[in-house]
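Before we start, here is the structure in question, set down as structure tokens.
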Amino acid sequence: MVVVELWCILLLLALALVALPASRQGLGGPVVYGGALLVSLAACATGAKALAGGDASALSLPLGLPWLGMHFRIDALAAFFLVVVNLGAAAASLYSIGYDRHESAPLRVRPFFPAFLAAMNLVVVADDAFSFLFSWELMSLASWALVMAHHREEANAHAGLVYLVMASFGTLALLLGFGLLAGPEGAYQFDAMRTAHHAPWLAALVLALALLGAGSKAGIVPLHVWLPLAHPAAPSPVSALMSGVMTKVAIYGLVRIVFDLLGPPDWWPGLVVLALGGITAVMGVLYALMEHDLKRLLAYHTVENIGIIFIGLGLALAFRANRLFEPAALALTAALFHVFNHMVFKSLLFFGAGAVQVETGERDMERLGGLIRPMPVTSFAFLVGCVSISALPPFNGFVSEWLTFQAILLSPELPQWGLRILIPGVGALLALAAALAAACFVKAFGVTFLGRPRSDAAVAASEADRFSRAAMLVFAAICLLAGTLPGFVIDALAPVTQGLVGARMPTQSADPWLSIVPIAASRSSYNGLLVFFFILLSASLAAAAIHRLASRALRRGPAWDCGFPDPSPSTQYSAGSFAQPIRRVFGPVFAAREHVSMPPPLSTAPATIHVTLRDLVWEAIYAPLGHAVAFAADRLNHMQFLTIRRYLSLVFAALVVLLLVLAIWL
Amino acid sequence: MTPFAFDVAHLLAGGLVLVSFVLLYQDRLYALLKVYALHAFVLSASVAWQAYVQDAPHLYATALIALAFKAIVIPLALRRIIERLGIHREIEAVVGIGVTMLAGMALVALSMVVMLKVTPGAAPLAREDLSFALAVVLLGLLMMTTRRNAVSQVVGFMSLENGLVLAAAGARGMPMVVEISFAFSILIAFIVIGLFLFRIRERFDTVDLSALHRFRGEIR
Amino acid sequence: MTVLPFDAVAALLLTPLAAAVVLTLLPGHRLKAQVNVAASFLTLLAALSLLVAMRPAPSTFLLIDDLNIVFIVLGSFVGFTTSVFSASYIAHEIETGRLTPAYLRFYHAMYQVLMFAMNLALVSNNIGLMWVAVEMATLTTVVMVGIYRTHEALEAAWKYFILGSVGIALALFGTILVYIAAEPVIGEGLLSMEWTLLSSRVADFDPALLNVAFVFLLLGYGTKVGLAPLHAWLPDAHAEGPTPISAVLSGLLLNVALYAVLRFKILLAGNLAAFAPGPLMVTMGLSSAVFAVFMLYRRRDIKRLFAYSSIEHMGIITFAFGMGGPLANFAALLHMTMHSLAKSGIFFAVGHIAQVKGTQRIADIGGLTVTNPWLGWSLVVGVVAIAGLPPLGIFTSEFLVVSSTFARAPVLAVVLVLGLLVGLGALVTRLNGLAFGEPRGEQHPGEASYAPMLAHFALVLGAGIYLPGPLVEWFRHVSSILG
Amino acid sequence: MALIFGLAVQGVQMFLVLLAAPLLTGLVRRVKARLNRRCGPPLLQPYRELWRLLRKDVVLAESASWLFRAAPYLIFASTWVAAALVPTFATGLEFSWTADLIAIIAFLGTARFFQALAGMDVGTSFGGIGSSREMMIASLAEPAMIMIVFTLALIAGSTQLSTVAEVMVAGVGLRVSLALALVALVMVAIAENGRIPIDNPATHLELTMVHEAMVLEYSGRHLALIELAASLKLVLYVSLIACVFAPWGMAAAGTGAVPALAGIAAWAVKLGIGGALLAMFETSIAKMRVFRVPNFLGAALMLGLLATLLRFVSAGM
């Protein structure tokens, strides 16, 4: 099992090495991405097999620190995440075969793409602190190189800087955490950490550090700032990987540390994680609503979905701390299910955004529109993605959020008042986030694909190439399948929850009509398949009946528009105007300012509206930090320009101080 | 060792510290050089006395080097440099003479305190000498850091180095004292040559190149 | 262990010395460069033979033990690669006329003298001899730093000279104090300066004297290590001297000085009554590291930039040695090795870059990965290495330093981590300007052998992925010696 | 046999709601007219209008895409399915387990999603206004609704409407949280159905319309379907309120035809009362400005949250 996986990783690294020579032969794209596709599929199959098999398989290689070696292990959790990672990787590779032809700097992408995949696989199978952090940081490094692929744009260089610093911040936080877990003797093996008993304060500290480390990678507020910078900067398949897959690897890290290594913690960590999740979900979707750059919008939505996943994890923590294992299993299943779902539809959406960017050269929604006609397949797939991410039945996004709600409804069984007070609020935040997400994706799809083209580029657009279309359609199909047959996914997750919280949800696939029943049929149940068929049935029924009994005639005419149709596309509702009501409602979050200047009567000057939004998180935390560093650097910089005499006096001062220390203390 | 011998050694070492203070007190370059000559002379006397007391003949060589080189050659060389380069004759002190003296006092006290912690196991002579030597070293550093003129800084360094030689001589049967003092003389010679080569008039910090090329016969 | 037909230690010392003599007589810089390379190679062979050879018993002056053999092998390797690099570098400098043969008359001889001095400092069994050797190395580098004879170069050399001399004096005072401490126990004469004796008998020395001595030694040799606030000479010397010398300074001299400090640390650790040297080294190391990372931000000269990063890393190494314990010591040794290789490799790259772009001003260098892919990406690799990112070796050592420290002194670890983060920010900012973005600055033709650079980076990369077992066993043994 | 009966009940339910929907709309219009001292249209007028629209040709804007034509069927279908799953005259419907209350709300969400998209499809300014306002309203109404669901689920220990209804029939006594939930639910229902004071189904004054603005470009059978879906939605909410807060007279699962018929009668009465109350409420107040809507719905959300909190806190005791 693990051997096969390691061979896959090795093959990916080999691909990274042959990328440049192959490119010199002029077949770099097919070789690298085709190879990556095959290897990822193999690794995905391995993961699925391990998940089905259930038994953990381990292996250690004499690499890294010799007395430690590099340990690898595939248990249920790792297997599940292997499936997630490699499924996304396979789709991204397939997409890249086509995208590579439009890539402006292919040689800066091809070598690092497989390396990035390999690193993510390594993180998942790592079984000791060293190899975990090694591959974790390798993952950051490879993705940083990919972000820097289009390094000639100033913004991308800045994005790369912020990204790498934040990533290393996370790694160092995790490093400190592992340092605590390992103890002064350096017991870096995960087994040792599992068996070791950790003092409560230590567990708390480790948890905080893990939240900082994994959270900064996953993008929880306020550690999310790099996401909307880095994800759009990278080439679209890489954006899909970073947003859809890498953030999931971060979630894996958190689950591995908190659920697996740390042993049973106190109840309040659940509180913290829940609160973070709720805030992250709502903040993320609000930022996304205010965004007009399609890829930045998607990146912010990643923040939102990470929040939703965190809510599930927090619930699971809280339940587990109170030894309510079935509810914990339910919550954890919901979180992991959402991990899978988000991987699928976020990759799908980024593929779509990438196709749009390739065909039109635009990412700004205000200059797009009407793409549903030139790009039918892309727009259809994108629509499926939008419906799924908006948590609308019968697609997969709804199922995981529904499960989360069911878990929330079990929380009155919790004894702690803090949780009792907090959880309903978090539930409200979750519902709010879901509703806002729907609004946001009406905006995203409506402005980008519907209406009339807002620029010549949008007029001249054409359908994406067949590889991209294939990748998108496959994921669209998965969205529908996972939404209509969720029982199988839940059952597949059973070994994971069994291993982590010592319980599992009741077997679903045996239920009549393949519906899912989290606890008991009398309590709640949902059947995506039947629902899907009902809607399909009644829709076609209505259509057939109407066409047969009533009329089927259809005339084309100019738009009615209350009698004042205006040919200019600029009269359409724009993304900004669409978001305006919500901006009014949630204005304080962005310290939004609207400045309207109305010309005086009889003046022909155009009226203008000027909207300013501020990223309060950045202003509150990151800008001050940057200023502090700059200030210190400026102050200390004088040390470079002293005279020799002053340097001598420094030496002298050091000597005198040390002698004084000797004289006084010793 | 007889108490008398001990007292003389003590006296000479203390004298060296005293002369260091006198160095600190100077505000004219020529006077400074004269006092430094005195400093070197006292040092050579002290070293010679150590040679006599420990009957270590090689120390006489050290004393000789100190006398010939430091007490005579270097002061003369520096004097000529001052004339050749037209360095003006006052010493600009960073802080007032008085403050410098007070700091010097504090340093001496410090060196005493540090050295008196030394357990009586060590030879008493070594102990006393060490505290004085440390004081001389510190005072030399103080001079280097509180004087602006290159020449006075060089003098400071040389007095510091005298402290080293004093310590080395005080260390019973220390090998290579001669070599060390010789090596240091070379070092000092380098510094002095550097002063001259680079036409360092006022400070250590700026070196004047045109002069250098003229010296090397290259006219740019 | 085999017995060699020749005396490896003698070869280690005499080869450079003889080469120096020959090089002063030889004409023509190309020939000199070749002889230089050959001599360095022989020295390297001698050093390697020490690994397999039966170790000579410690004599009055010479000593080979596990500790200094690490430094010897590392040093002679960097010395060899640098001599190869120096050949192409000097050739190019003469073509462009920045250096004339007249200036270079003694360059290669000096280089060998430097090698000799450093080897001597490492193998000497006598604190006085070690002092002499270290100072000799310092003065040699002073001359070589000033070799361009530009105003800045001469000022840098002068600064280095003055501060170095004070360092010399302090170190000597410390040495004398150690002798005075040892003399009542061991007796007069050279014996009281022998390592082997000192370290065996140190328990009976006068602790108070040892304390004072260590303060002076730490400051004296610490000046050469480049610990803040004694570092002032280091950036200018790196920036204004010829790049091979910058590489040697960062790759060797700093280590040699550190070796001296370590020796005395061991000595002090042997005497229970004396104060523990650890905290002092930790303080100075940490302060240098934190100070240096902030200095990285405002640098305009590419070589000065990396010089400050050397200060940072020497700080980290000193910090780790100060923390002590098997893990930290191992990490420090590994970090020192990796840093020597990576940093000298970076200076090789920077030397080529400065020659291709005709400047050292960061503002005039940009988009190297576009214009000179090999140099550009090597620079990226080097910076990634010294930024402590995998898969390169420094990641391993930083992993060990931080994780082992955090369990014992969390606050220190946090400070160190923040320092690392700030430094990473500075390095990546500069890297964005140097290696990425639109190409900037003019382009000069420059063909050079990238072999040394690539060799160094390959080693660092290899060590990051796989450390051979024997090496590790050896390092662990050494770290157990360091206590 | 039982299965067939169950399927039959389910089928009856589906077509019952479909038939009753225009009637309820007509009733509300009628009562409003009466309250305004007008005689008003006959009760069956909505049927006529639907039939007229169905037979008319569809006039499609040039810029309309396939989505614009598919949307009405999707909207109608998902609304219809949602309505068919709400127990009206009998609990324990055959397919009630396919979707619980959360899912039913989500179906309405799907319908709204496509309606908003259709509003933006033609690329007019009014469609955009409608969509953006609709989504803004929904983004507050949905959380409020979810909070209400939480309250009910915590009281009944289930999100399954049949179970809820049964528990309610059994009687849970008077609860503060229940009262709060009722108020919130009514407010949400008003908002969701675009009734006064949130929106005016009768208006065509451009700047005030929300729902009407979205469907401005629709005509013929498409418009008919959307109108029908709208009235279905009204029926859904009324019978939802009825089934939760007035669950009396509903036939239990598997009981014969007689209770079922009684249930139908009871349901008709409930619908009538609901419609009358709605009409009175609408005539008694004026429409509010669009930007005061958030306050209205925010109040609903707070009420729902308060109700849930009360349940959470009291659950421990």
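The chains carry the letters A, B, C and D, assigned in the order they are written, with residues numbered from 1 in each.
By our rule, a residue touches a chain if its C-beta (ideal position, glycine included) is under 8 Å from a C-beta of that chain, and two chains touch if they have at least 3 such contacts.
On a predicted model such as this, the values are computed, not experimentally measured, just so you know.
Taking A-C and A-B together, the pair of chains sharing more C-beta contacts is A-C.
When every chain is reduced to the mean of its CA atoms, the largest separation from chain C belongs to D. Rounded to whole angstrom, the centroid-to-centroid distance between chain A and chain C, based on C-alpha atoms, equals 44 Å. Taking the mean of the C-alpha atoms as each chain's centre, chain C and chain D sit 79 Å apart.
Centre-to-centre separation between chain B and chain D, using Cα means, comes to 100 Å.
Rounded to whole angstrom, the centroid-to-centroid distance between chain A and chain B, based on C-alpha atoms, equals 70 Å. In chain C, the residues that touch at least two other chains are 158-159, 162, 166, 208, 212.
Shared interface positions of chain B, i.e. residues touching 2 or more other chains, are given as 114, 117, 141, 144, 204-205.
Within chain A, the positions touching two or more other chains are listed as 644, 648, 651, 655, 659, 662, 666. Chains touching one another form the pairs A-B, A-C, A-D, B-C. Within the complex, the chain C residues that touch chain A are 158-159, 162-163, 166-167, 170, 208, 211-212, 215-216, 218-219, 223, 229-230, 232-233, 235, 275, 280, 291, 294-295, 297-298, 325, 327, 367, 369, 384, 387, 389-391, 395-396, 399-400, 402-408, 410, 413-414, 417, 420-422, 424-426, 428-429, 432, 436-438, 465-469, 472, 476. If you check the complex, the residues on chain D that touch chain A are 51, 54-63, 65-67, 73-74, 76-78, 80-81, 84, 95, 97-100, 102-103, 106-107, 109-110, 112-113, 116-117, 119-129, 131-133, 135-136, 138-143, 145-147, 150, 153-154, 157-160, 163, 204, 206, 216-217, 220-221, 224-225, 290-291, 294, 301, 304-305, 308-309, 311-313, 315-316.
By the touch criterion given at the top, residues 369-370, 372-373, 376, 383, 387, 390-393, 398, 402, 405-406, 408-409, 411-413, 415, 417, 420-421, 423-425, 427-428, 431-432, 434-436, 438-439, 441-443, 445-447, 450-452, 513, 515, 521-527, 530-531, 534-540, 542-543, 546, 549-551, 553-562, 565-566, 569, 571-574, 577-582, 584-585 of chain A touch chain D in their complex.
Those residues of chain C that touch chain B in the shared complex are 128, 132, 135, 149, 151, 154-155, 158-159, 161-162, 165-166, 168-169, 172-173, 176-177, 179-181, 183-184, 187-190, 193, 206-209, 212. For chain B in complex with chain C, the touching residues are 114-115, 117-119, 121-123, 126, 130, 133-134, 137, 141, 144, 157, 160-161, 163-164, 167-168, 170-176, 179-180, 183-184, 187, 190-191, 194, 198, 204-207, 209, 212.
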